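Just so it is clear, A, B and C label the chains in written order, and each chain counts residues from 1 on its own.
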């Protein structure tokens, strides 16, 4: 998305690799409601480095989804600054800098899986040949090859969600924003998709922002865990995971894993007791 | 009197057969689903014939089905002309113009929240009005030809179609709209890939309602003045001549065209909204 | 029309507070009135120019024959000085809104207060007033609506409880919705007239027939609206069919009932009006036909306006009863 020259011109950037892909600086967002103003985000500062996997965890109302939506320019902050790839979020959105995965798959029932995945490609004006090539590639990535001709309602919930991830990957944005993508799935399916997501992240080297309210999920997936708390929505802790990049599912029984999970739980509890 | 008793026997047989079929082992098969209403319909027709003949009801009041059928077969050419005049020229052209105009208005209205909030309640209100009453005025303006019928049809179908299309275009979820935002899709792209497909079930609902309204408009408008053919003209003049066989034949033609018209729209709906929950019938 | 009776289908601008909903609607109404006033000019230009010519004003082109073949807008632009009478001509092709209102006033309030046959002088409603004709139509509408709705609910209850009735009658009820039943109207009137039945009953029969089918289809949907869990609950109580009907099916069908009643009463009014066309014995339909025979456009428009007001009033009244009922049943805040 960004040429080398632009990265070099970034005022605070030391080297190209250290430049944060997403940088939030004293971000505020206040909603005006009938019951008075609601501080959805207050004084949120965070740098997300290229290639990291950042989870946002916290109780409902802590602003984790709101923050993700701010990055995606689906909400507009009322104060502070936020840059994505050194652009405003809205510019980044128009430059198609990220893929977004919602809580529900949200596939269009009138399109086949293949055509659903091709939807962003059609909108962004890719050629027919390239569309077909990319659809085949991302469907293979999420292990849905052979389901191109099926309609969404003929697939299970887990498969639908995988298709929606494929849809977000199709146009090769280097940021992937995921808002509780597996929240509605059962534990077994969720475990498998988590494992697949990690492999995918390893293969594609994308920067991922991931909202969840499951502690094991956050710890298992992330390089950084951002703990947030509500009223007003703010960051209370950022935990850098010492876990290796290679993570089999049973890593969740190791002392290191339990240690980090404990720290996250402490952070969440501290947020509550304030 | 014997014919009347025959009618009662026929009823008992038909009803008994239906009870047997409807509660029998094959009750959920397609054949039975088709057979039961058909048997019911035929029983009614048979009883009608027998009772009218048995009680010697004057044909002016109620002609027997056989007489209607004979009159229908005799006047096929005449009725075809009426069909072309009323259904193809009057109803269909008005239907296409009216629904098309309403659809385009809906797209226009959709771009402005102010227009939508102004037109939707007004459209809902207009859709409930007896617009058929404008027929005398429009016949006066556009003459006795099919053009005035088409104009009545345009007015009748416009508002129901508008209301349905506008409702359909706002039928997307906020998640679907957010998705299109993340792609930085233009208004046109969002319309074409998301909102029009999502609106289709509503659009077809409007089209189905309007198909019946179109025939009503075209036929009633002929009561206010028409050239010497058309279904409405045929009904009103044949009544004057007390040729009830002809009246019923004309009614039969309008009933059949109504069902055919509706059926064609419903068929198109089935093909284009196969993905909608109401059509896919469980996974 | 089957889908239209689904109470969830009609999504209107419900979320807005009342005072915010009104201005856009008023704006639309004003815009329509403005268009109407503008349209009056080209619609009536030929008659207006002929009148102006007679009054000695120079018009172009001067020959009425030439004017007849010209476009209306062209005439308007060539004779902008002679259009003063557009909104007040005697027998307009399209009367201006205020002319319709004047006609409406003349044929209602003025006729009853000052007319020779008005209620003030004769003690009975004048048969030349729209109030009288509206009441004639309203009577038939109500009677037909009542019969149609009662029969419709009855048949729906039968269909829901009897498989045979469901399988034999329901397809015909649905097919009948696709038929322009109004086409039957003049025949019913004439047939009943020929056996000596006339006046209110034939019109009510048409109205009943028209309001019957929407109610059947809507009520069958409504009576079947309780979900499997609610029905299973009744089964666990071993409730008899009658209790399931009165305690579960009927209450759940109320929103569907009202949705179809609104359609039915509008259809019933149309039926009554169309039923008044063949036999000129009073009613709004008769007024419209008379107006069209004598070229009295204002009279047609006034009758149309009254019919529209009646339709709005009837649908609104059903809506008001619906809101009260649903509120009482706790189905609406």
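Please note the rule applied: contacts are C-beta pairs under 8 Å (C-beta built on N, C-alpha and C of every residue); 3 or more make two chains touch, one makes a residue touch a chain.
Only a predicted model underlies this, so the values are computations on that prediction, with no experimental measurement involved.
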(Q) Using CA atoms only, can you tell me which chain is the most central one in this structure? (A) B
Q) If every chain is reduced to the average of its C-alpha atoms, which one ends up farthest from subunit A? A) C
Q: List the centre-to-centre spacing of subunit A and subunit B in whole Å, with centres computed as mean CA coordinates.
A: 51
Q) Approximately how many whole Å separate the CA-defined centres of subunit B and subunit C? A) 18
Q.
What's the distance between the Cα centroids of subunit A and subunit C, rounded to whole Å?
A. 55
Q: Enumerate the contact residues on subunit B facing subunit A in the complex.
A: 173, 175-176, 178-185, 189, 193-194, 197-198, 200, 273, 275-276, 280, 283
(Q) For the complex, give me every residue of subunit B touching subunit C. (A) 15, 18-19, 21-23, 27, 32-33, 36-37, 39-41, 60-62, 114-122, 124-125, 128-130, 132-134, 136-137, 139-141, 167, 170, 205, 208-209, 211-212, 215-216, 219-220, 223-225, 231-232, 235-236, 239, 242, 244, 247-248, 250-251, 254-255, 258-259, 261-263
Q: Name, in rising order, each residue of subunit A that touches subunit B in their complex.
A: 69, 72-74, 93-96, 98-100, 102-104, 106, 108-111, 119-120, 122-124, 151, 153-154
Q. Which positions of subunit C touch subunit B when the two form their complex?
A. 1, 3-4, 9-13, 16, 21, 24-25, 27-29, 43, 93-94, 163-164, 166-172, 175, 177-180, 182-184, 186-187, 190-191, 194-195, 262, 266, 269-270, 273-274, 277-278, 284-285, 288-289, 291-292, 295, 297, 300-301, 303-304, 307-308, 311-312, 315
